[in-house]
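I am attaching a structure below and will ask some questions about it afterwards.
The first chain written gets the first letter, and so on, giving A, B, C, D, E, F, G and H; residue counts start at 1 in each chain.
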């Protein structure tokens, strides 16, 4: 099985790179999917392609439609979905993806600091793993693919 | 068809009552479902039933499991899902329910003030209606069931 | 089994009434669903409930969202879908409903004059019955429910 | 993910070629599917293979069956469905495909001039993108696959 | 649970009556569905409603379409499917219904004499019960609903 | 929503009665389903209805087929599945039902003493609640239906 | 799309070879699946692998189980299902496969002489093409894959 | 078709190796999946990756979550599921997998000694083959893929 992993959520830190690099270092053969992480492109894609729109609501609506073609298709094509909640912003989009993945029966990994535990309790309950660090996600994927556990001491 | 409507999200204002009362006043025959809205009961249900748990994370986990029996069953049994995002709190649970409903193909109505428009753009894109006031949800449901439009001037 | 029948398509002739009356006269116990057939209400429902919209495209978009809550829910809840193509207008909505019903595996009856046969050949191929007159739809439903055939000579 | 795109609808202009060429020029790796666009072959395939049929209705019925093997299989195998409505003809087949794709949950792009906006409002509401020009579809696909936006000024 | 049972297959002996009477005598609350068992009506329903058709193939085609609205809907609405193969005729329709029910995951009971065992081995393998007499089907349904076994000695 | 609960597993203690009585005492409106709990009838139902079978394997096979009509239908018709693992026997059937329910996405409650925790860890991971006593299941169901928590002190 | 075609039914004439050779001659890239067509092996596979069984019914049951692993898997993995009814035998297995394929929504081609038309009318109604000769199936597949029609005069 | 086979259940004997070696010797092209069979790693994976947990129940819970990502994904990606019940331990996990596979409609092969026949009768009834030795599973897979039967005398 050629595993595919969707990385949803926060776009302002390097968590995606840390997971991708860690998996590459571990020699894991998997493919990562995710949303467009260029914030400006993601916001502007609707009007940049389809033409200007006066109201911000419709500008967002156009862009969200274009983004949804990518995100829903890739999420549905993934074997595992990782959803990252960072320390800032409302990140409703991440929670929406988690709910979407849960309803599709996708194995779900959440990744967030302890401070969000209570607010995320329903989301975490739908997950098979709640991780704190990207490196733990790497370890989970290595175990899932290869059955090997980390030698390094856990944080 | 006997319509059922799931009311998800914010539990600190009277929006559910306004929708239920408005529909009753309009003579609409529908059934409303939703989560347990007693905040303390919702937080404590796990340990109150299954016994004390030392760590907050596992206390939340137990409670979220009990709540999920109710919320997923009722949401899946509903014909329309309304998700309310209020002015406070992170409300990831609401966004999770919206994603869950969207993946199931449920008609989705979001209800929130304009200030959240940009943050909710992906969620709104998955909705068939974005409403601002509970009374607009009543009007949508009346039209959906009876085909009649409101006489009163719109806000 | 308590049969439900969705009547989709043309809204400018009395074909729905002829089917409903014919079934009532035949003593058939079934429930009819359909879109809101008040043309003005159907066009205006979005802005009438959600507030004015400058561009016609977005006005239509709002209204189509509200209508879709009704039409998709009722169509999905139906046992049989009848789609009527009249002599005028483009009626893409009717063909859309036919495709939607076909993908859901709903038994489909199309109802249209011979002049549309060639243009509707793919739609008709997905149907189990192609009828010319509403009274034939009544006869089909009577046979499906009661197993009795019409005594009157066929047109 | 190796993307596949189904191009449904109008067969009398060069819109398919413009999309395919544009995507090739952009270096996008995707596969295009669609119906047989040789109008005469599409009309005659039933009787040419299965033998002559007296009535036009049954000739069309035979041909539509043969075509449906191709079109439904390819549409169901596609990741994205683009439906083009041209300036002429009734094009019920295109609307049928749009409804079929919508019911399957396929991301849908419609492509048509503004003059059809009102007649297509329900179809457009089920789409994630409404485009006016084939080049906009190319831009959407490039963004979806590569995350890049067009440099050229929008029409 | 209010059980519904679809009785498919042979229409020339009284097996349906024996099952229905036996269940009534046992006080079981269930509903029986099945095809139209008036052979002439079943053959003629297409042309009787939709008008004459010259070729026998198309006459059959019209009739089979009308019958399919009834049979597929009722079979899909059933909790248990009983398929009877009698001593005569090819009864491909019965085997088709068995395959249809099996693919839907419906609990399947076949009912046929031993002489057909070898020819029906694939069909029987998909069944949960292979019965020889209608009274055995009654006994199965009584056990399934009430948990009681027959007092009378088995044939 | 009229809730139905399937009670699977151990048949040698009174846990079903304790749950049913407790729910009745709490005034909860729900329906309980389950397998035939008369051990002898459950073992003999195949040969008692369909006639004697020499080999024990085939006797069991016949009986399991008859039982499966009941158990799969009722389990699939249930909103919540409770699986009880007692102190004796292998109870593979209970674990099979748990897996079946999990794959269908049914909310799952397991009920077993702590001594089985390690052996049941995969089954428990698929459950939303792990209970120790039937009265806890009653409390969960009361909360799920009515939102009320138990007043009595927890064991 | 890499097409796969399941060839179900009659095993005593060379119709499979004629279709496979015809498609090879036409340069079509497709893969053919089907049951084991060695009649003796198909009958004996159960007892040959799992050990002798006294009763013919159980011998058949064992063999049908082994065959079902192959046939259901390959049929479900196919894009098109062709079912051949020959001039002899009851061929309930072929009709079962047709029903199974129809319930899965697979495009179905039946292949049989006119003499079976009336007996197969329900099966044919579920098919998109009714062919008389294997060469017509080749022509259909060529058109479906390549869009080209046969030059040779039709029989 | 490139077959994949999931090998679930007992991890203390060499049955997996015997099946994999036998299939390799027979020249069968298939891929085997299964759980992590290193007992200690499987038990510890949760805390080894996610950090220590005081209560054994939660330690097991963490580990079962990590394992479930692997086992559910691979089981769902398999064409055939083989479940082995050995002579010791409770093996509820194996029965859970069998139920999970059955609900997904996966062809199921059980593998166990006769002494478990009665306790496994419901599980066996859901299987297409009940084997006693790993070599019989090899023979079944060879027949399913190649249509050839074993030359060697059966045990």
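By our rule, contacts are C-beta pairs under 8 Å (C-beta built on N, C-alpha and C of every residue); 3 or more make two chains touch, one makes a residue touch a chain.
Worth saying up front: this structure is predicted, and the values here are computed from it rather than measured.
Student: Quick one: point me to the chain whose Cα centre is farthest from that of subunit C.
Tutor: So the chain farthest away from subunit C turns out to be H.
Student: Any chance you could check whether B-F or E-G wins on number of contacting C-beta pairs?
Tutor: E-G
Student: How many angstrom lie between the CA centroids of subunit B and subunit E, rounded to a whole number?
Tutor: The answer is 44 Å.
Student: Could you state the distance in Å from the CA-based centre of subunit B to that of subunit C?
Tutor: For subunit B versus subunit C, the centre distance works out to 31 Å.
Student: Based only on mean CA positions, could you tell me how far subunit B sits from subunit D in angstrom?
Tutor: Using C-alpha averages as centres, the distance is 37 Å.
Student: Would you give the residues of subunit F that are in contact with at least 2 other chains, written as numbers and ranges?
Tutor: Residues 65, 68, 125, 128, 130 of subunit F each touch two or more of the other chains.
Student: What residues on subunit E touch subunit G, complex-wise?
Tutor: 56-57, 60-61, 63-65, 67-68, 71, 85, 89-104, 114, 116-126, 130
Student: Can you list the subunit E residues touching subunit F in their complex?
Tutor: Contacts found on subunit E: 1, 3, 79-80, 107, 109, 127-132, 136, 139-140, 143-145, 147-150, 154-155.
Student: Spell out the residues on subunit G that touch subunit H in their complex, using ranges where they run on.
Tutor: Listed in rising order, the residues of subunit G that touch subunit H are 4, 31, 33, 36-38, 41, 44-45, 48-52, 62, 65-66, 68-70, 72-74, 77.
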